[in-house]
Every structure is written in structure tokens, then in C-alpha cells.
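Look for chain A in each of the two complexes below; its partner is chain B in the first and chain C in the second.
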Partner chain A sequence: MTQFIIPTLASGGAGKPFFTNPAIEKIKDLVNALSVPEFSLPIFTVGFILMMLWYRKWTKPKVIIALTAGACVFYFGSMLIDYNYLLILKKPDNVPITIMLLAMGLCLWVAFRQAAINDARLEAGLPLPDADKEDKVLVWPDLVYTEMICMVLASAALVLWSIVLRAPLESPANPAGPPNPSKAPWYFLGLQEMLVYFDPWIAGVILPGLIVTGLIAMPYIDINPKGNGFYTIAQRKFALWVWLFGFLILWVVLIVFGTFLRGPNWNFFGPYEYWDSHLQVPLTNINLSDYFWVFGLGQPLPKNPFAREAVGIVFTAFWCLALPVVLARTVMYRMYNQMGSTRFYIMAFHLVIMAMLPLKMVLRWLFTLKYFVYLPEFNLNI
Partner chain B sequence: MAETHQEVVKVWIAPGCIVCDSCETDCPPVFDVQEETCVIRPEALKADFTKPLTPSIITAAEGCPVDVIKFETIEVEGPEPWAGQEEAAAAAAPAGGGGAAKPAVAILEGPPDPKWAGLLQTSHTSGSRSAGGPGVTIRQAKAPAEAVASTVGRGAPPDALAAAMVGSGYSRPAPSVADRIRQKAGLLADAAKMTRRQFSTALALAWGALAATFATAGAALQSFMVPKVTKEPPSVFRAGKLGEYAEPGVYEQFKGSQGVWIVHQANGEIVAISTTCTHLGCIPNWLQSDQKFKCPCHGSGFYVNGVNFEGPAPRPLERYKISLEGEYIVVDKSTKFRQELGQWTFPGASINV
Partner chain C sequence: MMQPVRSALDYVRSTQIWNSIFRHGVPRDRRTRVMAVMSNLFLHLHPVAVRKSGIRLSFTWCMGGLTFFLFLAETISGVLLMFYYRPVPEYAYADIIGLRAHVTLGLLREIHRWGAHAMIIAIWLHMMRVFLTGSYKPPREFNWGVGVILLVLTMLMSFTGYLLPWDQLAIWAITVGSNMGKATPFLGMQGPFTDLVQLPGGVPLVTVKSDAAYLLLAGTSVGENALMRFYVLHCIALPLVLAVLIAIHFWRIRKDGGISGPL
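Let's look at the complex of A and B:
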């Protein structure tokens, strides 16, 4: 059904956008230029900071309705002005991303709205809105009924979805001609995007493993008794800033990049750009050892691989092992004293490893840096 | 000996109703007199509904001129829950000084229905006694149900009627769902108590079952230790005659079947390059116009000689052993040469033309 209606509506069936004029083209060019990760990730990060700082303003119902309406007009309306964007958005593979964005926005708003109300009341010395309610409810019927209703609705939605949209099956597998681009399932596209910046051992094994251990460790290292049982941001600033940055910017945004903006040969394309499989993008990358020995000291690389990579090894060791200690002694000494050394170092180790991803991204964009440590002799590249 | 009383658990109409409206007057929650016969209202088919209405059902059965109302009773321990409540309600009403409960109580204080009063003079046996059921003795109780029902009016919602019935002692509120769950959970907890020996036995059995499961699964894993399919394509293959590769360039005819590119490089060497990306094992594409191998998974790029220059690939594409047998080119995939280990200069890594 949608396969028939939307292209007809939007393109007239000729691969051309429904609306177009020079002003719209200029806006599209601007959006394309800003969508490369060098610009868009900092923009998203600034948006994230503003979201965290102004959460009492944007969560007001009138403001959020206006923001949502504007975002939806931009997001869905763009289908009318660009055929390439339409192709991306109506692809059955990408429908879950749209659903994820809508659902995530709703959940974020619900949490931030309650946090804004609770924080304002706590500041004014008032009790929390549900302070007088019983803090226990029955599993049955309260929980089980809710779950049953959710189950019925979710099943109905899945049945409807599977009827309306065809399964995105591709041609039979052929080792001589893999699909271009080859994409992981949508929920793994954040990992696939990380793999652009790291060796598979790091981005495919170490970082996902540390995500899991970090999630496991979270209830043991977060011993802040404030904010138990209600939404708040003012009382759990560090935990929420770090967590939401990691989840929203380093996971969700990367999934959207991988889904919408990575095209043939895994090149980056703006949302309104044609996916040209012959696009030439200069991606030449240089290792830290090359920077140090060849460009810095003007001499050839040493023969011994460890001497060659000494700078990178020292830097990585400092970043992963010494930086937590430095943090404990300087800017985070209060947190260190509150948490104790074991909790703090587990937290700080995960924190600096997480920070390596944006660090590596920025260095890749600025200096086309490939690896800090480049030891292919031992299959070790960081 | 504990005190017991009878409660009606089932009520039905035998054939022969003359549609006299008597029963509906006596007990409107249960009986519904229609055009041709009297029927039991659907909600009154449950024992929980009829039990609290026992007195008025019995009254209706006694008052039926053709004796077609039949019912069954059970014996329940304890005093009658509806006995004596009207006295308490009547006593509470004046003391309360007039509250919200006043209308319901006021009816109770009114003159009793003559038929009800007459029935109360004596004890009766039910009409169902002839059917072999136990006899039922009714006692002096309180105002008739019809009077209670009339306080809320015919068109009143069921919950108002139920509230009036409860207030006048005709009905008991059902225990809440939560109370019933708690009671059940208490019974289960009592039933689950076990001795130390029983607990130890159960624990040993459970751990034994778990160990047996894992042992079975572990034994099953043995089957994965050896390959199921031993038929492999031979790792050595003939890649055609040397003359087929006269022009410099990338030859892709063995990409699909063998995973090998035969590359005639500009310096005159012919090499066999593996089609597996050194980043994460995807299969790159040869882009003729760009003169590079480009991986569709993460964007790694390789020069025509296999050296990585862009994207995340950490090392160059691997080369296979290549040799000449007469005029035929032979590729041996069991031997690999890696550039970062300095193996590309080894004999067999390339052939010079």
C-alpha cells in the first residue's frame, strides 16, 4: 500500500521531488554540508547540552508540542522535497528507526517532564507529587493487566506492520557480490559506525564488552541515595549527563548515521544526497607513529615495532591507566572520597574508555589519525 | 457444637408458573416475572449472589402459590451473618443523629410487610424438601428485601442496590481481590513448609538434575568438535594460462569460486590476492574507475597491490602462493604472505613476467 502511494504522491513516479525551487535546494545543500559527522556530531552534542541545561523549559507541554510538530514537519515533510530522502525513509529496513526516534522522544519527554516537576518542587521545599501514594502496588492485577494490554497492542501493531510493509528481503547471497553498502541489523549500526574508527578487536569485542560490564557494574558503583524512586536531574547530575551522552550521542545518533547516512562503499552521504557508488572521498589515514617519526622528527620509522609505536603505547597507557588516577587526585577528588577507590576506579576506567570514542573521532576528523598504536605484527591496533 | 445455618446456593423455577408477581415482590434481585413465566436473573445463578439473599429467597418460595420455586441449601458454620444486624443498624441510626445512612435505616423501622410478618410467626420448611433437600429453618430477621430495594428505586444502578443490601444485612461485601490473594498466599506458604531432610533431598535432586542437564549438553557439544563436512575444495587450483593475464590489471574470474583476485601489476609482477578484507572479513569490490579495492562494510580501501590506504583496515590484503607449472598459473591458498611481516618478498609471493 505505502509502496504504491508514497512514491506516487512524492515523486510523480519519475524520481523527482514533489516540490522544488532554488531556495529549497539551497537549504538542502546546507543540511547536506552540515550532516557530515565532523559537523553534525558536535551539533548534536551542543543540542544535548542545551537539552540537559534547559530541561525545565522544553518539557513544558506547549513547548514540546511545538518542538515535536516542527521536528515532524521537517522529518516527514522532507520526503516531499527530496527523492533520495524519500527512498531512505520509506525503505522497510529503516521504518524501525523512525519508530525508535518517536518512541525515544516520548520516553525522554516523560522522564524529563517529571524530573523538571520534581526538581522544582524539591527546590521549593514541597513534597513530591506522589509522596502520599502507597509505595507498593500488587503485581496482579496492576502489573499483569498492564503487561497483557501491552502484549495485545504490540501483537496487533506487529501484525499490521507485517501486512502493510513487505519484508525487506534481498537477492540470494553471493560471495562474489556483497551488497553495497553491507549493513548490520539496525540495532548494531552504532557498533558498525564505531568500527569505522577502530580495529575490530577494539570496536567489536573490547568496547561492547565494556558496555556490558559497565551496565552490570552500574548499580554497584552508583551509591548515590538521592533520587531513589523518582525522576530527578538536579540530584544525579554526573550519572545522568554521562549516561545520556553515551546513550543518545554515542549510540542512537550513530545508529541514525549508519542507517540513513552511510551509502555505497560506506561513504557518508547527506540526507538529501544521491547515493553515488562512484563518489571519491579522500579517506587516507595516518598512524600516530608516522606523525611522530616521519612528520615530527623527519626520520624513517624504526625497525623495532615497539620502538616505532612507543609514543602510542605511552599515550594509551596514560589514557587508560594513569588518567583515572589523575582524575581521582584532581577534578574528581570529591567523588573519589565519596565512592572509595574500588568503585571510583571501575567507574573511571569505563569513563575514559568511553571517552576514547569521541576522542578518536575528533582526531580522525582533524588529523586523519588512523591508530594510536599500530602493531599489525601482533594483530593489535588501538 | 458449633452453630450452623443454611445458605441458598442454587435457585430455579419448576414448570407451572402462573405469573403472579409474588416472588418478584418478595425478592426482586433474584426473580424476574416476565410475560409467560418467571425466570431467575442471570446474576442470581451464582451461589455467591444468592447466599446473602437466603431469607428473601425462602420467603419467595414459601409465598409461591403453585410451589414452583425450588432451591438448594448448604450448611455453613457460624451464626447467620444477616441475623441481628438490623437491630444494630436501628440502634446506630438515632445515635448518629441523622447521617447519610438514614434513608435505608428509616425503612427498616417502618411497619413490616404483612405477608413477611405472617411468615415470621412460624418456622417453615422449604418447597424443596419434597425433592429430598435438607429442610431450612428461617428465623426472625429484618425488613424484607423488597423494602430495602425500594429505598434505592427500581431504576437505581446495581451498586446502589448492593450498598443498600449490605447496609440492611442482606448482603456481605465480597472480600477484595487483594485479600483473597493474601489469604491464598498464606495457605500456600503454610503448605510449602518442609523439614530439613525434605529440603536437603529437594536441593540435591535439583542440583543433580542441573548437573545431568549440563553433562548431557556437554556430551552433545562433542559432536561439534569435528567438522561435519570434510569435503573441501582443493586449496591448490590452476588459474588458467599465463597468456590470459598479459595485460596489467585486476582479473576477477576467480573471485566467486576461489576468493582470489589475480592481479597483473604495473611492475610486471603477477600476484594472487585474497578477497577477504583484513578489517572484519567482508569481501571488497574492485572499483575499476578508482583503481582501488573498496570494502562495502566499513569503507576500507586498498591500492591495486593490496596495500591499505584508507578506512579502518589495519593491514594490507593477504597474498596467496602463486607459481608457474609450465604455462599454467597455479595458486596455493594454503600458504599466505603478509606484507606487515615482510613476507611479500618471499619466493612464491609473486611471479615475474
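Let's look at the complex of A and C:
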């Protein structure tokens, strides 16, 4: 039923937005232009930095109500002014993304709000609100009833969700006819988005593998004893900045890109753009070896693949292997001394590999760089 | 009005059957409430008393509990779905259509699918909560690791289940995902260093019929063998591993000092 009513209400007929005028079209064009990754990822990063720095300001109830209202008007209101955006948002398999964004926003606010309160108390030398270890309650009834209420509410929400929205089912499997675009399940679309910048062996194998090893290693690397068991920003700055940047920007934002903004042929489309399957985007990306030999030295590429890719190999080896050592000797020497070499190098290795993703993105946007190392002879492209 | 109900309840609670199941009185005072938790297999996952701050909703967000609840909901709806579903290409899609058309209260698949999505969201938020409160720090390092494995397994559960409806969405999403296996270094046909994996004399060990993607799909593309393999992984293998790890995860919460709080 809703699948019938919402598009009819919103579109005012097939393919047309509910209302529009030239000024709205101008704004839509601007949003489309700004939504390409080379603009929107830096914008999101700036937003992330402000979120981390100003967490005592934006978590105040009045500010957060204004921010939430604005974001919701923009996010949901856009359905009324653009039919393409409506199509994306009401696609059943995209509904979990909206739910995730709402839930994540709420949880981040709850966390940062308590962090702001806790940090202010710690600075003033006051005890934390929850510091009293002996303040205990019995599991029956306090916890058991909380759990039961949560369970009932969750059941109701799940049944309601299932009544309102049918599970998607497309035409029967046809091994000869891939849809365009072919997308992985939404929770893997961050990885699929990384395929724009890296080959499958990195984006699909090495990076997810290092995410898992990095997460498991985290409690053994993070030897900061502070901030155990309560929300805080001030006491664990390094851990929070790195982890939240990785999770919110390099994972969640890339998932949103992959689901909402990647259309046919994995081309990028703004939120208010029609997914044109005939759009041709010229492939202008250039390898580092081409930059070095052809543009830099003005000579043809050497025949020997290792000579050809020497610059890229040296750079990649430096970045992955030498950079951790450089960090240990320079800007992070204090951390190195505290952590010891094993912990530090495990941490630094994961850190530089993670940093390679934004590095490659920026180089792609600025210099249309394709590969640091291009060795198709060994399927080894970095 | 209430008097007959109350006396009937009192009678039920005085019978031998009731007292053989619940070996304590009505949980109205401290002693019986402690007994209620200690003498129940499921409730004794909890200690008898917890920090007041530890069970505040604004602290835990209830996300770990919600993930477990969704695991149970997925298990129950999944078992019911297995009654109606045959994991072979000839029938799989038709059985899904049949679920919609013929099964009374045909919400099973909806509950199962949206529950799976919700479980992924809940487990991510649970991880974020544990991270933001620093609860992975000693003495809970090991349990954090178990949690990371549970997170990966949950996503694999959802991934293997994605294929079963056998529609276009299913096989092509799994094709995109399993293509990554072909790029595994050393073990995938299109990955780097695969040529190095060979027997003396230059006999290649990793071929298109023995690489990592073939192990996952039991074929060179997503076909009937892949469907059976994903079905068994989804319904038997992964849930068993998950159940064991969940037990360890819960047990270790208690052994590591219960829910975290300021030290």
C-alpha cells in the first residue's frame, strides 16, 4: 500500500517531482555538483573534524534539535522535490541505510553528550556521575524487565517494518544477464566503493583483512589506561580520532556513496540526478610510471617491468614499511617509547595502510592517478 | 473481581508441578529475587546484582541485547522458512513466490530479511558503543576479539542468506562479492603471486577449478552448487559457530567483571 501511495503523493504523476521551480532546480544542481566524492568527502571530513572539536557545543539539546530538524528536512524533504532521489530512498533494500543513519546519529549524540558532561566534570576535578561502584541494583526486576520491554518494542518494530515493507524480490536469477549496476549487499558497499581506487585484491581482500586484524589487535595496542568504562573524548583523543574517522568516513560514508550515489556502470550520480545508463565517463587515469617516464623524463616506458615501476615500488615500500619507522623516530616518538616496538609497529602498519585509501583518493582527484605500481604481468596493481 | 484470579494464581504456585520448575517463591523480596536469577538457566547469564549505571539505556543503548534478540528472531523465522524452501535452482525462486502467495501470515521472509539488516545495524552500533566507552580495554581484550569474530560471522550470515531467494539481486550481489575471492593473493586465479604456488616442474596448484572463489562457490560461477553450499553455511555451519561464540562472549562478560563502568 505504502509503495503505491508514497510515490503517487510525492511525484504527482510518473517521473515528475511533487513541486519544483527554477530556484529549487538551481539548488539541486549545486547539491549535485558538490556531491561528487572530490568535494563531498572533504566536506564530510571537515564535518567530522568539527564534530570532534566542538562536541561540547553541538551536543546541547537546543543545538541538536535544530541540527536534526535541518538534516531531516533536507534528507526526507528532498523526496518531494526530486523524483530520482525518491526512487533511491524508497528502494526497499535502501531503507536499512536510512534506519542506520538515524540510529547512528542518535547514538553518536547520546555518546558525545555524555562525553561532554564527563569531560567537564573530570576537568573540574569532580567525580564521574557513575563512579560509585557500590550503587547496585538487583537483576530481577531492574535488568530483566528492561530487557523484556526492549524485546517487546523490538518485536513490534520488526513486525511493523515487515507489514509496511515487502522484502525485495526481483526477476528470477539469470546467469546471462547482469543488472546494471550490480551491487554487493549494502553492508559491503564500502568495500565495493574502494574498488574505484584499488584493485580487488586490495579492496576486497587485504583491506577487509586488515580491518579485522586491526580491530582484534586494538585492545592490545591501545595501552592508554584512561577512559575505561565511560564516555570521554578528552582522555583518549588519538584512539577516538583514528577509529571514528575510519568507521564514520571510510566505512559508513562510503556505504552511503555506494548505495545512493553509484548508478549504472558504477558511475557517480548526484542525489538529484537521473541514473542514465548511457552516460559515458572517459577513462583518463594515468599510472605513476607514465607520469615519471613519459611526462617527467620524456622517454618511452622501459621494457623491464621492474625498472618501469621502480618509482612506484620504492614509494609503496617506503609508505608501508619505512613510514612507520619514520613516524617512530619523529612525530610519534613519545608514543613509540610508551608502547614499545611490537605494539607500535603493528599499530603504525595498520595506520599507514588505512591512510593509503584517502591518499589514493586525493591523488586520483588531483592528478587522475591510476596505480602507484602497475604490474599486470603479476596481477599486482597497487 | 481480582480476588478469584489471585487465589487461582496462589493455588497454581502451591502445586508440586510449579514448585518443581521454579524452586523459589514469588520474587518479591531480596532473597527470592536473587534465587529467581540464580536458579534459572537463562537468567543466570546475569549476575544477581549489577551496577545501576551499567544498565542505563543511555550507556548500553541495549544494542548487544538487541543483536542477540535479533539472532533469536532470525533463528525462529529461519527454521520456519526452511519448511517451505528447497535450495535448488529449479524450486528456490518459486518457493519464495509461494511463501508470499500461499503461506498464512506470509510475513516470514519479511521478518527474516529486515531482521537480518537490523541485526547488522545493531551489531555495528554495539561495537561503536563498546569502543566509545573504552570497554574493550583490560580486562576485556579477549572478549572484544570474540566480538569482532561475531561481527564478521554476522555479516557472513547475511551474505550467505542473500543468495537464497535466487533472484537477480541475489546471484549478482553474490557474484560481485565472490569475485573478490578470485583476487586473493596466492590463492585466487586473478590475484597476485598465484603463479608462485606450483609444484616442482611448474605444475600450477591454483587453477580456475581450485582457487579461493571455487572453494566458496563449488563452481566457476554462482550456480546450483553455490546455492547448496551457501544454504548449508547459512542454515547449519555458521549458526552453530555463532551459537558457540555467543556463549563464550556472554560467559566472558561475567568472567571479565560484568558490564563495564568507571574503574
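The definition used in the following text is that the second predicted complex is superposed on the first by the 360 of 382 C-alpha atoms of A that agree within 3 Å, B and C clash if a C-alpha of one lies under 4 Å from a C-alpha of the other, contacts with A are read in each partner's own complex, and residues count from 1 in each chain.
Rule of thumb we're sticking to: a contact is a pair of C-beta atoms (placed from the backbone, for glycine too) under 8 Å apart; a residue touches a chain by one contact, two chains touch by 3 or more.
Small disclaimer: the values here were computed from a predicted structure and weren't measured.
Three-chain overlay on chain A, with chain B and chain C in a clash.
Measured by the number of chain A residues touched, the leading partner among chain B and chain C is C.
Looking at the shared chain after the overlay, A:Leu138 reaches both chain B and chain C. Of the two partner chains, chain B and chain C are each touched by A:Gly204.
In the superposition on chain A, A:Asn285 makes contact with chain B only, while chain C stays out of contact range.
Contacts of A:Leu369 after superposition: neither chain B nor chain C is touched.
By the touch criterion defined above, A:Asn174 reaches both chain B and chain C. Of the two partner chains placed by superposition, A:Leu89 touches none, neither chain B nor chain C. In the superposition on chain A, A:Leu351 contacts neither chain B nor chain C.
By the touch criterion defined above, A:Val159 lies against chain C but remains apart from chain B after alignment on the C-alpha atoms of chain A. Looking at the shared chain after the overlay, A:Asp130 reaches chain C, while chain B stays out of its contact range.
Under the contact criterion defined above, the residues of chain A that touch both chain B in one complex and chain C in the other are 138, 140-141, 174-175, 177-179, 182, 192, 199-200, 204, 379.
Within the complex formed with chain A, the residues of chain B that make contact are 177-178, 181, 252, 255-256, 259, 279-280, 282-283, 285, 287, 289-290, 294-299, 301, 309-312, 314-315, 338, 340-341.
Chain contact summary for the complex, chain A toward chain B: residues 138, 140-141, 174-182, 192, 195-200, 204, 264-267, 278, 280, 282-285, 370-371, 374, 376-377, 379, 381. Chain contact summary for the complex, chain A toward chain C: residues 93, 96, 99-100, 103-104, 107, 110-111, 114-115, 128-131, 133, 135-144, 146-147, 150-151, 154-155, 158-159, 161-163, 165-175, 177-179, 182-188, 191-192, 199-201, 203-206, 212, 215-216, 218-220, 222, 224-232, 236, 240, 243, 247, 375, 378-380. Per the touch definition, chain C reaches chain A in the complex via residues 27, 30, 33-34, 36-37, 43, 46-53, 55, 57-59, 61-63, 65-66, 69-70, 73, 89, 93, 96-97, 100, 107, 109-115, 117-118, 120-121, 124-125, 128-129, 131-138, 140-141, 144-145, 148-149, 152, 155, 158-159, 162, 165-173, 175-177, 179-180, 182-185, 188, 190-195, 221-223, 260-263.
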